[in-house]
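Some structures to go through are shown next.
The two complexes that follow have subunit A in common; it is paired with subunit B in the first and with subunit C in the second.
Showing the complex of A and B:
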């Protein structure tokens, strides 16, 4: 039984790379992941029951990494969800309905990200889903999300989903990209593009697939409202200006039965908040993220954070950060100095990769970070908090009653107090309060996470 | 350097109510808190307005007077605070607790509070989802109430701000201003606040603040923990708590958490489950797996169907208590300019009343309450 020096939470690109880097330096690692198979979202795996006829480069990469974690230094715990952590690094997790506890010497949070929800009239109609959800349905369950599918959002993932749906035999009625930045984009002049040839190749293939299938790809377009009574029957779409504000008079109706929305990602920072790590506001990285140094250390001793879960940056950056965190944490737990030349030498090469990936992250942020208009698509009846059915009117009323931050609006309206505990509505709520009170999104704060970070049944929490 | 008529330390139930009544009386008031609004026990509170679990020897008249204030409170404030009627059940878990509850019933009756004794069979009929076989009967008061804690606190603060309240959150009190035996205000990291009257309403933090004045205010605290389910409100018609609470809850020191049953349905349809409590020295808003386990086991023992419901969130807070179960209210002999309003066992029910009483003490009006049983001098040597 290997002694656990480092617990790594999440087995996506960041977590897998962190585990390997730490194990290479002799640390005992627990790699804890909530899914049945490693890989996270980026390397999402199929259930064993489905045969896969096409393996892309990405999956070959994944197979390599998965093989590397099969070693005695790494205890891989699957179906294991961490629901609580404190500043002393006490971890509580639940694995196949049994409670578990760990107190390692160091923790690396590699929790990844989730689809950023955006609110607009009709977004609660059946048939509206996130791009991520659609991908899972198709890839992992071989189910088409609908018959006539409209994709709207921002970023290359829209092309990826569009191409995937075309391959799967669906009718994609259009892909609406909110950002117009790509129209002016000259790849040769932007340093962020160096070393990203794989990505560019992938993106070009997706575009070709869409063109061949005659799928319209419109830039500077977005959803104005989802139409339908009991389910999606169509969408009103509109041109957007450079700030993502609807341009009056440009509305068009598109017939569809499914709307996949993808306006970027939000990092899963709940565990870092529970541990008391200081947070900073970085809109181009998804909002509030834990403050870190160049060794991925947060402000809590022994607590590291790597990958999209600490700031959206993509798989390449996640892998680099994972390796940095795993290396630095292994040094810490072995009692070796983190300030000496040995570690610096080890990290020097990793920092170079990190720097180049950060350039890509910056470029990506410039191209695709939502403009302020994203918070202006709602009307009074639009639901802001889905779990508690709190509409914009109620939020507006709370702001008029003097509540000018997220915490106070939550207390008065119950927004964020339902089953999802603000996972879906948190960022939307902050955007609306900022808009209604005339303050910046940073000023209005955010919902404070509480344990459990995902629901536990009372029976499970009671133990056997 | 600002000069106020009153500075209130602690923005929980009591501090916010006090601030409301002070500003209503036209006094220039500052309300200071080291954290956000209602950062301590008040935010962790269920919002129950209960008579039947009151400290019986001295507090009952205060409790009953307090309850009366709610009849017009929403109207006075111009705010809905989620006030509703709901019954309460005090559950006996042993013969001796049952006997104690019977005695409680007679005492309550003397004050005109009519509560009913229910046998386990009668309890079962009243609460079909409760496993009444786990009990030795219960005391039932159909006429208790409940409100939304945050809404009440917000209502007080907002109305007070409209009348000029200077609210300073995330502001730590570094020291008090002392001119000989006269307390003249507080000193924060932002500067000095000179004030004719200083009101200490800081709950569990009051002991440490008192020490800055050379005062021994014997307020201890438990770290109380609770959890909220997602939907589960239809499993219970009344709030329930165990008579074990009267016995030893606050005597149990040490590392082990002790859970005493306290479950309340809210008007929103979820259930609040609690309460794990441990006497501690540190201040924390955290929760731990062991306490959650204990809370859930207790909950399932009494309401087996809860097994399949989910915990949405858990929370913890320092909850102040005193040895005799009575608050510290009123002036302190030997120090002028200071009023205490700390460690109320039944808090929500007397919040508006205490707000009014403190304002009366500050302005020199006749207080609506005989505060003599609650003075600090009762414990000072």
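Showing the complex of A and C:
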């Protein structure tokens, strides 16, 4: 039985790399992941029951990493969700209805991210889903999400989904990119682009696929409302100005049965908040993220955070941060100094990669961070909190009653108290409260997480 | 709807062994390894936990696909589970509507 020195939460690119780096230095590692298979979203696998005819490059890359975690130093726990953590690094998890507890010497949060939604009239109709949700159906299950598909959001992932759906034989009615930044973009003039030729090539291939299939790709366009009675039957779309505000008189109707939305990503920071780690506001990284140093240490002793779960930056940055955190944490738990030249030498190469990926992260943020108009697509009847059915009128009433931050509005309306614990509505709520009260999004704060960070049944909580 | 890719960019996949499960009282054929959500899409079922009298807005459905939003909650052998993360098993009993399991949503 390996003694657990370091618990790593999440087995995506950051967590996998952290586990390998820490184990390489002799640390005993528990790699705890909430899904059936490792890999997170980036290395999402087919179910084991499916037989694949050939492996993609990314799949081969993933297989290589999965092989590296099969070693005695690493205890891999699948289907295990961490639902609580404190500043002393006591952590609670649930694994197939059985409760577990760990108190390791160090914890690396590698919790990853999820698609950022936006609220607009009709966004809760069946047929509206995130870009990631559609990718999962097509890539991992070989099921089409619909027949006539509209894609609306921001970022290159829209092109990736568009191309994927074309390959899968679906009709993509249009791809609407809210940002207009790429219209002015000159790749040769931007330092963040160096070393990213693979990414550029990929994006160009996707665009070509869409062009060949006659799929319109419109920049500076967004969805105004989803139309339909019991499910999506169409969409009203508009031109957007450079701040993402709808331009009056530009509305067009598009027939579709499925709408895939994605406005970048949001980091899963709930556990870092629960542990008491100080947060800083970085809109270009997805909003509130834990404050970290260049060894991925948060403000809580022994608590590290790496990858998209600590700030959106992509798979390359996640891998580098995972290795940095795993290396630094292994030094800490073995009692070796983190301030000496030995660790600096080990990290020197990783910091170079980190610097390069950070440049790309910055560029990405400049191109695709949503404008303030994203919070102006709602009307009074629009649902803000899907789980608790709280509409904008209720949020407005709470603000009029004097609730000036997100937790106060949550207390009055129940927004954020439902099953998803604010993952979906949190940023939307902050944007609406800011807009209604005339304050900045940073000022109104964010939902304070409470344990459990996802639902447990009474029976599970009682340990039965 | 299930599809078989004919584009070289998407590897061919052979699904798992055939199984049958019950969805809203109907016997449905599916494949081992599929998620409940995928099977529901294949059967054209997208509206979960509908409440009578609510206009134009359902109470549930597949939204994030990765277990974060809890919009896809269905009843699986009497327990609430996320359809997007739960794989189908032979003989499984699934209800997408609260009337099927006595809940109120």
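The rule is simple: the second predicted complex is superposed on the first by the 461 of 464 C-alpha atoms of A that agree within 3 Å, B and C clash if a C-alpha of one lies under 4 Å from a C-alpha of the other, contacts with A are read in each partner's own complex, and residues count from 1 in each chain.
As a convention for this text, contacts are C-beta pairs under 8 Å (C-beta built on N, C-alpha and C of every residue); 3 or more make two chains touch, one makes a residue touch a chain.
Note that this is a predicted model, so its numbers are computed, not measured.
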item	value
Contacts of A:86 with subunit B and subunit C, given as first, second, both or neither	first
Partner chain in contact with A:248 - subunit B first, subunit C second, else both or neither	neither
Partner chain(s) touched by A:455 [first = subunit B, second = subunit C, both, neither]	both
First, second, both or neither for A:99, with subunit B first and subunit C second	first
Partner chain(s) touched by A:418 [first = subunit B, second = subunit C, both, neither]	both
Which partner reaches more residues of subunit A (counting touched residues only), subunit B or subunit C	C
Subunit B versus subunit C as contact partner of A:335, first or second or both or neither	neither
Which of subunit B and subunit C A:72 touches, first, second, both or neither	neither
Contacts of A:403 with subunit B and subunit C, given as first, second, both or neither	first
Partner chain in contact with A:145 - subunit B first, subunit C second, else both or neither	second
Residues of subunit A that lie at the interface with subunit B and also at the interface with subunit C	418-419, 455
Complex contacts: residues of subunit A adjacent to subunit C	34-36, 41, 46-56, 114-115, 117, 122, 124-130, 132-137, 141-145, 147, 163-164, 166-169, 228-231, 268, 383, 386-387, 389, 418-420, 423-424, 454-455
Residues on subunit C engaged by subunit A in the complex (per definition of touch)	1-7, 9-17, 31-35, 37-38, 41-42, 46-48, 50, 56-59, 61-71, 73, 84-85, 87
Contact set on subunit A toward subunit B in their complex	84, 86, 90, 92, 99, 101, 388, 401-403, 407-408, 411-412, 414, 417-419, 421, 450-452, 455-459, 461-463
Residues of subunit B defined as touching subunit A within the complex	36-37, 150-151, 154, 158, 161, 227, 229-230, 268, 273, 286-289, 292-293, 295-297, 299-300, 306-315
